[in-house]
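Presented sequentially are two complexes of subunit A, the first with subunit B as partner and the second with subunit C.
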Partner chain A sequence: MLPVAAVLALAVVPLGDRAPVDLDVGVVWFNAMEVVAWFVVWVAGWGPNAATSVAGGYRVLPLGLAYEIPHMLAIITPAIAAGSLSPGAIAAAQHDLWYAVWMPAAFLLYLLSVAAMAFWGPFAAPLGRDLAGGAAAEHAGLDRLLLLAGRWMLLTAAAAMAVPLFLGGGAPPPITGPDPLPGLPALWFAVKLVVVLGLLLVLRRAVPMLRMARFATLAWVVLVPLAVAQALVVTLVVLA
Partner chain B sequence: MIALVSALGAVAVVTGLLVFTADSMARATFLLLGSFVAVAVVLIGFGLGYLGTVVILMMTIEMMIMVVFMVMLMMNPAGLMPMTMVHNRRGSWAIALVVFGLLTAGVWLVPFPVRAGAATGGVTSGPAAGPDATVALGDALMGGQMLTMMTLGLALLATIVGTVAVAVSRREGRAERRGIS
Partner chain C sequence: MVLRSLRSPVARRPHVLTIAPATVDPALRLAVEADLARRRWPAADSPADTDVVLVLGVPGPRLADVVRAVWATVPAPRVLTGVTTTGAVRSVLDDAVAGLRGRSHAGNASLRASSGRESTSSGAVAGADDVDVLASGARSDALLAPEPQMADLAFYDRDGLALDALHVALGPVLPHWPPGLVVHATLAGDLITDARAEVLDVPARVGPGSRGRSPLGPDRTRLDVLTRVLGLLGADHLAARARQLRDRDPVPGELTTFGRRLRRHRPLRWAVRGVPLVGGVVEERTLEQRVANLAGALGGSLPPPVRPTAEKAVQALIGLELGTARLVLAALDPDTTLGAGPVTPFAPAEVAHHHH
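Right after this comes the complex of A and B.
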């Protein structure tokens, strides 16, 4: 189920200049598919009828409740600036200035929530080693392959969404002058995706695995007000 | 289209019924989610893409928040032991039947507007009548009461924040920050 959710989420991301399925509410659809991951991890933990695994499944709830509000605010901030919920239109609205430059807090919050939604890196507590593998502890064979492959797919799909939302989609960087690779939006997209994934790998290297209660406090006390402030600034600039 | 909507409606009703025959909170939660998602797909089929997508999003999160309540309130929070999902059978039957009767009567008694093409005996299935069905529905539902709704929303949010602030004791918060608990 996790790979299915990742593919459905990726379907609305413009790879290059247009999306496989160009929904006008693509951002909301992406958000809906990505919360399916909460459900999947919890079911994976509950299903085997075992104590450590259900405890791992429960850890996804504080994680989800902590990252989701900053995440939602971070993805609607570019949508407010572009005046559209379609990822293609949001990418097209950034031809002179990338939203990663204009709204850095939203971009950083989005990167953080990408790792959190894929319960990966610092947010891997639901599958933590302290629970002997947590939600994935009892799964073997094909089930385990699907769960872990789905996690990587979700991480990549969410990182891919950062490109149209914050990095100008398939357009070349505005600083280079004339486009050195004309007519290849998919290539620019791939380059930017690799950069985003690289940033995520740095995050995993730099930050140890967080305890969920700690992260929930951080999210609600620091990240949510930060995300609200960012959305407010962008809204005021757009309205002005 | 009609076949698809009927099939999804049947899925929604059957999974909705199964909620009450399941023997654990966890199973009831999955079935309820299945029911809601079927309704959401019906909404998308009606051309209300935004509403349908939001229903999927909200209901998935809501079912997960149900799990939080399960942990807080149930004697068997893991949902690993079988238990019955119903109580007060007679009262529930009575309430359910009355509500079902009222809603069904409403469906048949409300004078639905006729689409322009259908009135002249022309095409009945075609593109959406209005320019944007979501806007039309929102206007029909909330048009006059928008200010009330916004005020209510803010009041609810303030209540939630206030309740949490009152419920979390100071000592617990400090222990948490020191990393004791």
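Right after this comes the complex of A and C.
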């Protein structure tokens, strides 16, 4: 299930200049797929009828409640600026200025929520070591392989979405002038994806696993207002 | 077959589940952890994640039952082995990886520690599919579950959700868990509403004689505790550094530098904030203070940190969420060699049903 969610989420991301499935509402589709991932982890925890496992599964809930609102505001902000919900159109709207520069708070919030979407790094609590693996504790063999591989795929898919939303998709950086590698949008996409994944590794190294109670406080007191403020600023600029 | 081709990479870095009795020699435990780290073999999170089950020292009859129950849930390819002396660690682990690759000499060795008779020491490797190893020895009462019971409603209710009261035994096989400790806990959701401590195979309290002392010496004790707390927090590179300093003789300067680095680590401080530490010493009333004191005293001349009895440490868990309770228990570092009061007969946790 988790790999399926990851593949379906990745389907709407323009890998280069064109998405495998170019939906007009790609951003919404992408967001729906991550809710599938919540469901998968919760069911994986609930299924084995074990205390640590179900406690891990239920951690999806506070985690989701905490990160989802800033996350949605963060992905809606570029959509507002571009006036489209299609990732391809959002990428194309950034030909002179990347949204990562124009809306840095939304970009940072999106990076945080990428890790949270994949239950990884600081947000690994549902699969945490303190619960002996949490939702994954009782799964062995192929089940375990699919669960953990799906987590990596989801992380990569979410990181890939950051490229069209904030880093100009398959286009070269605006500062280089003429494209030094013309006709290779997939290459630019790959380079940017590697950079995003590198940033995520830095995040994991810098921040220990967050307890859900702590993160919920941070999310509602700091991250949600920040996301709202960012969306408001962008909206005002677009309307002006 | 895919699984067959996956076998050799798995055998290269197997996930190891270590099980230690309360009376384990700390030097042996440290030697094993150091050797596993040197080989870069990860610690297994749970039996389902395990390739090699490694039993340290000589488990008593109750822990041997636990080992048997754990072994029954480990997926193949798997190896069960034991080590009793520091010198044998390396060869035992070499044999274990050979066993995983399929060249196991199953049958000529078994783990009979349960019966109390000659526990095989170094070369005890049970083969990949050799389940018979476990059938020998004492009857396992851990496997005789009682009739399932319906759960009661929780008496103490944090959120007014009328949750089931769930009786579970936590431990003794969990990552970064005090050796031999079992916490008989009552859970309402993920909240511990009641907890009793039991130390497997240590009959009664030995008395306050060894209290607060660890055979490791002050700094290594602190680093040992910090290794576990940081490991539970998922701060893997800091945990690895703490373990590295613990396992060799560091220059005092390195210790103070590391202590300062921990104390200045803002995300770390933020992550351990807001957790009460009931029954700790006066200056350590919160988890944050405890961790800060452990880190701050590194390389200094302060007396070693106080290690409470298992009973006292487990009392501090009541009212905490499971993950937080794990952190508190790791930070308190109870001395399980002291035992824990009268031993309650081990009743497998009552089976409770979820109605969701």
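Basically, the second predicted complex is superposed on the first by the 240 of 240 C-alpha atoms of A that agree within 3 Å, B and C clash if a C-alpha of one lies under 4 Å from a C-alpha of the other, contacts with A are read in each partner's own complex, and residues count from 1 in each chain.
The rule is simple: a residue touches a chain if its C-beta (ideal position, glycine included) is under 8 Å from a C-beta of that chain, and two chains touch if they have at least 3 such contacts.
If you're wondering where the values come from, they're calculated on a predicted model, not measured in any experiment.
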Touching partner for A:H139 - first (subunit B), second (subunit C), both, neither: second
Contacts of A:W38 with subunit B and subunit C, given as first, second, both or neither: first
Larger contact residue set on subunit A - subunit B or subunit C: C
Subunit B versus subunit C as contact partner of A:R205, first or second or both or neither: second
Contacts of A:A124 with subunit B and subunit C, given as first, second, both or neither: second
Which of subunit B and subunit C A:A213 touches, first, second, both or neither: both
Subunit B versus subunit C as contact partner of A:E68, first or second or both or neither: first
Touching both subunit C and subunit B, counted on subunit A across the two superposed complexes: 46, 49, 51, 54, 58, 213-214
Subunit B residues touching subunit A - in the complex, by the definition given at the top: 26, 30, 33, 49-50, 53-54, 56-57, 60-61, 63-65, 67-68, 71, 78-80, 176-177, 179, 181
Subunit A residues touching subunit B - in the complex, by the definition given at the top: 23-25, 28-29, 31-32, 35-36, 38-39, 42-43, 46, 49, 51, 54, 58, 60-61, 64-65, 68, 85, 213-214, 217
Contacting residues of subunit C [partner subunit A, same complex]: 3, 45-46, 48-49, 75, 166, 168, 170, 174-176, 187, 189-190, 230-235, 237-238, 267-268, 270-271, 273-274, 321-324, 326-327, 354, 356
Subunit A residues within the subunit C interface of the complex: 46, 49, 51-52, 54-55, 58-59, 121-122, 124-125, 128-133, 136-142, 144, 205-214
